[in-house]
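Shared chain: subunit A. Partners: subunit B in the first complex, subunit C in the second.
Here is the complex of A and B:
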């Protein structure tokens, strides 16, 4: 009994060990050799701890940025980053264990739904599932759920999203790809369907984006970290300039306050780099193991793949979608404070992946005109939705950040507006 | 009964069509493979894509994949070679699932991942 107590209280409470055990089970089920099981399990644990280290770096720079932004502009400046939300939830809120188990539960519910219903989608984008597990856990926790009910409900909600989002995207994906073989597994789908709706209303399908000559490569986005740095470093410096030397000297000591802000901006990029390396390491073993199992259990599954699966069908639409979505996020950033919401800074990576894919949807139903107008509407949409979550994140003491991918935001709003009030009725 | 007859007739017609096509396709493959030997860089990709398409129409998925992969390594421009390869990898993945060949399932899932990564990189101008 003492041994069981020791295991339950000292080992299974450690999220890094829990998630490593999840990976181990996956590797064992695949009948991998002992060496591979051991190395895969260890790498998964390392991944979690690297992620945690990245999160601490991000939190420290974001808390500095939050302070100087409030001083400089008199309002809250939020950096949307689902990675930062995940890192803080896992570490500062101590929800790592629950997120790891919810991730597993979502996967299982997805398999059950695909096996026994006519929606045969298996969601294969591991990173997106981790973000969904993060959001359902945070908002279930906020509603008062703990332990098994928290994980079970998160698994059901996340599992339904893992099937429903590819299903609602599929009519458009069929139109784009001309076949029904593959599906889209990216938790920004509600934004894509919204974009397609706007594009249908305002667009003209007869002139496709692919008929025009347009520079196809987005060279300035060549490197993820350069792209993040190119926005964040100047933003930190300009904000520090507005906050002024008197206020910022409490952080910069003897160093020039602009140089200090520059270095803090660089630190933010370092945090993103470390955190994403951790996420990759964490998922590198789990995802192949579980998707092999899922496809075995659901032989007629339709694999729901990450957004770049659609890029080759309309590369010009990706570029136009990215640009118009960015315009929309900038418009929303300026307008949000007028309706009592905080300033949300545009995130270039979300704009590229979500905006680019939205462009493909916009083009499929509304051609060039539809892509441009609906892209701007998409940028506003994906800024307003996460802004609605800011008061809750503030309440839970998240540092100056909010979520990005709109399906995970929708799941969070579902908790906030429907599930949590129902839970409180029974408590 | 009529429906059954209709079905049989339809089957017969389609199998005849395939037979006729097969000969024509083989001939086209010979021509394109000959052309491949003398292709310069400009029309090499076009020839490789044509061969990929012809082998697909013949039902030889492995050969089709081989030519589309060569086409992509020759010219990394987003287009039909990418979309066709994605389709073919998925067909092979499905066949591997049906054959309960786990190693091959993983192999084609990894190829799908790599193709998506390449699409992403091309789009961002890395290549």
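Here is the complex of A and C:
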């Protein structure tokens, strides 16, 4: 018994080890050679721990930023980052095992739905599924679910989203790509459909964004981490200036407080970079295995892929969508406190990917004018929804952050507004 | 062994999708290659023989002046396009 106890208490509670073991079983089932099994298992574990390291960097800069923002502006300034939410849920809340198992459950439900319904989509964007698993786990946990029911329900809800979101995006994707080969697997789809709706109302399809020439100087916005830094670093510096040297000296010691804020801003980008490198390692074995199994079981499956597969079809719309979405998030940041919601800073990572894709959707139905106006509306939309979750994240002691990616936020609101009240009814 | 690197904005989703498409092309033509994917910022630090990216990243990838053969795609998972653009580069450099 002592051995079993030891395994249960010291090994299976360590999510990095459980996930590595799951990867190992998967690799063995695929009858991979011994060397590949060993390297794949190790890389998966490495990925989880790199993710955790990135998370702790983000948390330390975010807690600094939270303090100086409250001091400088007298209100809470939330940085939306699904990466930070995932990292904290996995590590600080100890939900790593549940998230990993939900992630696998979503795969299973996705395959079953694709096999037996007419939605033949296989959702291959691993990180998006990881964010979805994170959110269903956090909110199910918050509603009182534990263990198997928590994972099962998360798997079902995530699995339904994994086929439903590509399905609602497909009419637009067909229009954008001119074919039915690609499907979109990105959990910001409700925002894209919203954008397309607005763009249809206000736009004029005859003038496409792709007919205009964009200044070359803006090309750096294509470089994700550069774009994140370009906003976050000045934001940290301005906030520190408002908080003043006296307050900030407790963090900056002998270093000039603005220089310190500058370095903290860079540190935030570093944290995101490290965390996403961890995610890359973590997914390297799992996604191809899932794809292999899914395509075997669902021969006529359509792989749903990450948003940037659409970028080559309308690169100018991507940049325009990114800029107009960012403008929308800034407008929302200023307006939210007036309706009693917390201040949400622009989440640059999601502005980049979701904003860019929203631009393509906006352009497809409403041309230049549609892209600009619907992009601004999109920015407001993707700021308001996560703002509604802030009280819960605060309550669960997440450090100064909220989720991004509106489909995962919608799933969370589904828990909060419908599922959790039902659960408490039966308890 | 020839090393082919797929590149996209965050180095997570679309470069990975590209990698899986390139993998089946590489298998089809019987090439022994090592494949990987990463983000633009990291790509310049990786020694690869061939770098493949979406055409919208062309300016960014070129700016880093990487010492690799560059291929840009319109449809990231179109095996026909990948083959059409990859095979000439492979032949030119005597990889096949």
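In the analysis below, the second predicted complex is superposed on the first by the 416 of 427 C-alpha atoms of A that agree within 3 Å, B and C clash if a C-alpha of one lies under 4 Å from a C-alpha of the other, contacts with A are read in each partner's own complex, and residues count from 1 in each chain.
The rule is simple: a residue touches a chain if its C-beta (ideal position, glycine included) is under 8 Å from a C-beta of that chain, and two chains touch if they have at least 3 such contacts.
Bear in mind that the values here come from a model prediction, so they are computed numbers and not experimental data.
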Check your understanding: Putting subunit B and subunit C onto subunit A via the overlay, clash or fit?
Key -> clash
Check your understanding: Can A:30 be said to touch subunit B (first), subunit C (second), both, or neither?
Key -> first
Review point. If you stack the two complexes on chain A, which partner ends up touching A:295: first (subunit B), second (subunit C), both, or neither?
Key: first
Exercise for review: Go through the superposed model and pick first if A:369 touches only subunit B, second if only subunit C, both, or neither.
Suggested key: neither
Practice item. Please indicate which partner A:312 is in contact with in the superposed arrangement: first for subunit B, second for subunit C, both, or neither. Key: both
Exercise for review: Applying the touch criterion given at the start, work out whether A:181 contacts subunit B, subunit C, both or neither, answering first, second, both or neither.
Suggested key: both
**Study point:** Partner chain in contact with A:280 - subunit B first, subunit C second, else both or neither
**Key:** second
Review point. A:378 contacts which: subunit B (first), subunit C (second), both, neither?
Key: neither
Practice item. Pick one for A:303: touches subunit B only (first), subunit C only (second), both, or neither. Key: both
Check your understanding: Which of these subunit B stretches, 7-15, 25-33, 43-51 or 79-87, gets into subunit C when the structures are overlaid?
Key -> 79-87
**Study point:** Overlapping contact positions on subunit A, where the subunit C interface meets the subunit B interface
**Key:** 124, 177, 181-182, 216, 219, 222-223, 288, 291, 303, 305-306, 308-309, 311-313, 315, 318, 352
**Study point:** Residue ranges of subunit B in contact with subunit A within the complex
**Key:** 78-79, 82-83, 86-87, 90-91, 93, 97-98, 100, 102, 105-106, 109-110, 112, 116-117, 119-120, 122-126
Review point. Which of the residues in subunit C come into contact with subunit A in the complex?
Key: 8-14, 16-17, 20, 37-41, 54-57, 59-60, 63, 73-78
Practice item. Report the residues of subunit A in contact with subunit B in the complex, numbered from low to high. Key: 30, 124, 177, 179, 181-182, 216-219, 221-223, 288, 291-292, 295-296, 299, 301, 303, 305-306, 308-309, 311-313, 315, 318-319, 352, 356
Review point. Where on subunit A does subunit C make contact in their complex?
Key: 124-128, 177, 181-182, 186, 216, 219-220, 222-226, 273, 276-277, 279-280, 283, 287-288, 291, 303, 305-309, 311-313, 315, 318, 349, 352-353
